[in-house]
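So, here come the structures, one by one.
You will see chain A twice below: alongside chain B first, and alongside chain C after that.
What follows is the complex of A and B.
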């Protein structure tokens, strides 16, 4: 019987959104357009238009060993070209940010190849070959994974995730990498590590409360969906904990 | 699980003080208008001090406005003060770094410089081998000599160098016994009086454990253990004990029986506060990584002072434990710098963990009829998986809802590791206090971690990925290499050795199991009695209050060197 991913329990809109993001068979809603150059600017790893720096020669020019795994797993374009490994790091507000750290990692593992995600409380980083990264980053910014006020791209200083929102609705950022312009458009004036950009990058207006509440993947009893109310979700966590406890204590079948 | 009403919010006063004039339940605020670092009096003090030092030594030093992230501004949001929980004392975060807090230093000094040494072996040697008479009078004389010798004074040879009493005034030795008649004959200055220091039931239980034996509570000079290390304590102590026996009982200084006394004082009769560590964390005895959680819960004396409040007693262990294990052990012995303090203080400031824990106590009473204010082994709840699941689920959900309902509190605990440690501690304490079982408490901790992670799709830093997501499986195991009873686990337990924000709370969970039963001690009655001594520099019944005193610079530590350095 073929393995069929279940993506997680729960009857709430949060649980459903989590499954939607993870499931690669579902095409997520595209909410905005950004150019390839916009992505390169925000990432800050190379100048737009410059060649990809390499860590090794292209695989085709190397003497690859006769390895069965290499025959099974095709290298990503970035790996084939010998690109460096670089990163994008997101900060997600706990006030209904559309994606959240573990959720991002799970989603990326289901949808991307050749990645190394890292998950913390205030940030989530994914590292991979540079040209692969730019493609993944574009998808992560353009789709419902991103909301301009509640999602932020930051290499450092991430503690906005748990802080109250600023009066203009933006998540706190010590470095104020983005600002809300006259038209209410969120504009990046610094790259993810905080270096000023030669040209500002606009990521559109913040989405309204109805949208963020309907698309979020975090439970929140004050501004969103109450965790306690999703009884199925709680039940599964307790079940997993109980089974782990039992087989850790007495690792034999009864 | 079923939410219960609890009108009292212990953290509200702190939030109102910290976020003055702001609605603690509002989701929005203003940023970028606080004046950066200069909003903090302590940061201003640091900067001013650094300028003077730079002028004097000609080498640059503290310069946060230039050095923080390449000159990028810190202090764009409010730099908060913190209330040390239950004390009403608000302090700057900087004042809770152990380098800036003399009480924290003395807390660890007082543990590291302590050993308990039995007298029975020595007395048997004196009586049976040497035919010496041992009486209360000879013991008192011996103790008089020992309190002369232990700080670093000579008793046998002439023309010996000695230490200045003003530098080692914290060094002394007292004894204790379970034999009331013998205790009556010991000079009060040398006696740890169990009856006076402990509630009656605890005193009886402790004396029954000690029996007719007699033990010495030895505290070598702070300045010695600081200059050397924890492994010094038993060696320094044993040398002075041996010399004092020679002097008190007129022994031959070179006879072979001295070796028996030395062996007893150094090895056979000594209780270290901590065991040695393996090579990868190599430390001698009496260093923090080797303190078993059961021992640590006995070092802290809050259950002696608050026998009818196991939550309070446990929370004092949390404060002391996070300070020692997070700030000093993991934060400095094993790592370095400042981040660990921010993790640790979350568990003992602003009454947040206190509120979550007392919610658990109320829930225990409401649902299971367990009256935590009357600890008794007969009233604890059976530690079944269902009970642990229920307690931890409810306490954890309540904690998450409090953070959600009070955005200023979420901002207070701005890091996920802070929140994870605090919520899991409340769950673990509720489970251990309610069931009287330390492993049940640890199990509750791990359910909290899983539930937290799934609810908010985040947890702590990378380390939580390992320790807290596989902890369910080892929390009840007793098999070698898999598990151990909570009392015998410690900071060097394999799965606990690498992660800030856990070890102090684990110690409290272990202690809570006994405080919830009304036990007189958790693991070692000798250590419980030893640290009840009011002559110690640090009051181990009130560690959080002592830390607050240290933060406001009112704590007087030992280890003074002004006698031997130029006046400033």
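What follows is the complex of A and C.
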């Protein structure tokens, strides 16, 4: 029988959302539209419309060593062109954010190629070739992996994921990269490292509470669904904890 | 001989959402009208004037939450996004007046008012001793960061 990945345990909405994000066979709901130029502006790695700076000549122009792995794995478009390696970093609020660092890394590993994710407690960075990155970043912003108020694109000074939200519902940002306009639209006025943008980039209105609760991948006993209510998840975690504790002594399930 | 320290009651206001400068100004102006408040501290995450680290380090950090507000006739700049307000008061009745004010003020989201005696320093620590010496003014303790050059804001009583 062919192996069928289960992606994760749990019977709660949160568990189901985690599986949905990770499973590459499921097409995630597209929630907003951003242009390629918007993405380039927020990333701040190059000026919109400029050529991609390169780190090495295109693969087609250089002599490649005779390597079996290179024959099996096709290079991504960015690697083929010799692009620089650049990054995008996300911060998700613990108050029902649509994703979270580990979840983002799992999702990206299942869905993207040629990436190097970095997972930290409050932020998640993914590095890859620049033109691949822009495509991935666009997908990460346009789909349900992003929520304008509860997710933020922050290259540096990321503090805020565990803080209470501000009055207008935005996650705290020391550099105030995005602001809520008069019509409630979240607009980025600085790029991800905090340098002012030439033109503001609009990412739409924050989504309502019902949507946020239905699409979150974070357990939160006060504002969302409680971890302890998902018995299957607890059972799975207890099993892993028990096995890794016994491992090296008697790694046998009783 | 050290002076006997009088333990005044303290309380801490924690709204569910962090306040914008306008709301904070409104709330603080309501609070300072209540008589019997000795000391007050505003806490919250820092809003630096320049980008503190990262590739844009040292560049200006325009932030609409870092704003001058006027409380009780004294103007000062908010350095933090207002998360909690800690107050030291003369007696428990004052706390009840603050509670009544907060009940009226926080209508859009809830708040929590905690009472006790340990939210603000009452005795000098070693750092305070190094900064202020042996005859430190006890009223000034814990009001500002000892490393900060700016002192506390004095709001005149009426």
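Keep in mind that, in the parts below, the second predicted complex is superposed on the first by the 248 of 254 C-alpha atoms of A that agree within 3 Å, B and C clash if a C-alpha of one lies under 4 Å from a C-alpha of the other, contacts with A are read in each partner's own complex, and residues count from 1 in each chain.
Basically, contacts are C-beta pairs under 8 Å (C-beta built on N, C-alpha and C of every residue); 3 or more make two chains touch, one makes a residue touch a chain.
As the structure is a prediction and not an experimental result, all values here were calculated from the model.
Novice: Thinking of the overlay built on chain A, is A:167 touched by chain B (first), by chain C (second), by both, or by neither?
Specialist: Touch status of A:167: both partners.
Novice: Between chain B and chain C, whom does A:155 touch in the aligned arrangement: first, second, both, or neither?
Specialist: second
Novice: So in the superposed three-chain picture, is A:77 touching just chain B, just chain C, both, or none of them (first/second/both/neither)?
Specialist: neither
Novice: Just chain B (first), just chain C (second), both, or neither: which does A:238 touch?
Specialist: First partner only, chain B.
Novice: If you tally the residues of chain A touched by each partner, is the higher count for chain B or for chain C?
Specialist: B
Novice: Now for A:196: first (chain B), second (chain C), both, or neither, which partner does it touch?
Specialist: In the superposition, A:196 touches chain C alone.
Novice: With the two structures laid over each other on chain A, which partner does A:175 touch: chain B (first), chain C (second), both, or neither?
Specialist: both
Novice: Which chain A residues lie in the overlap of the chain B contact set and the chain C contact set?
Specialist: Correct list for chain A: 156-157, 159, 163-167, 169, 172, 174-176, 194.
Novice: Within the complex, which stretch of chain C touches chain A?
Specialist: Those residues of chain C that touch chain A are 15-20, 23, 45-48, 51-56, 59, 61-65, 81, 83, 108-109.
Novice: Can you list the chain B residues touching chain A in their complex?
Specialist: Interface residues on the chain B side: 1, 3, 25-32, 69, 72-74, 76-77, 385, 389, 393, 397, 400-401, 404-405, 407-408, 410-411, 413-417, 419-420, 443, 446-447, 450-451, 453-462, 465, 470, 472-478, 482-483.
Novice: Going by the contact rule set out above, which residues of chain A touch chain B in the complex?
Specialist: 18, 94-95, 100-103, 118-122, 156-157, 159, 161-167, 169, 172, 174-176, 194, 217-223, 226-228, 233-234, 237-238, 240-242, 244-249
Novice: Residue numbers of chain A touching chain C in their complex, please.
Specialist: 155-157, 159-160, 163-169, 172, 174-176, 179, 193-196
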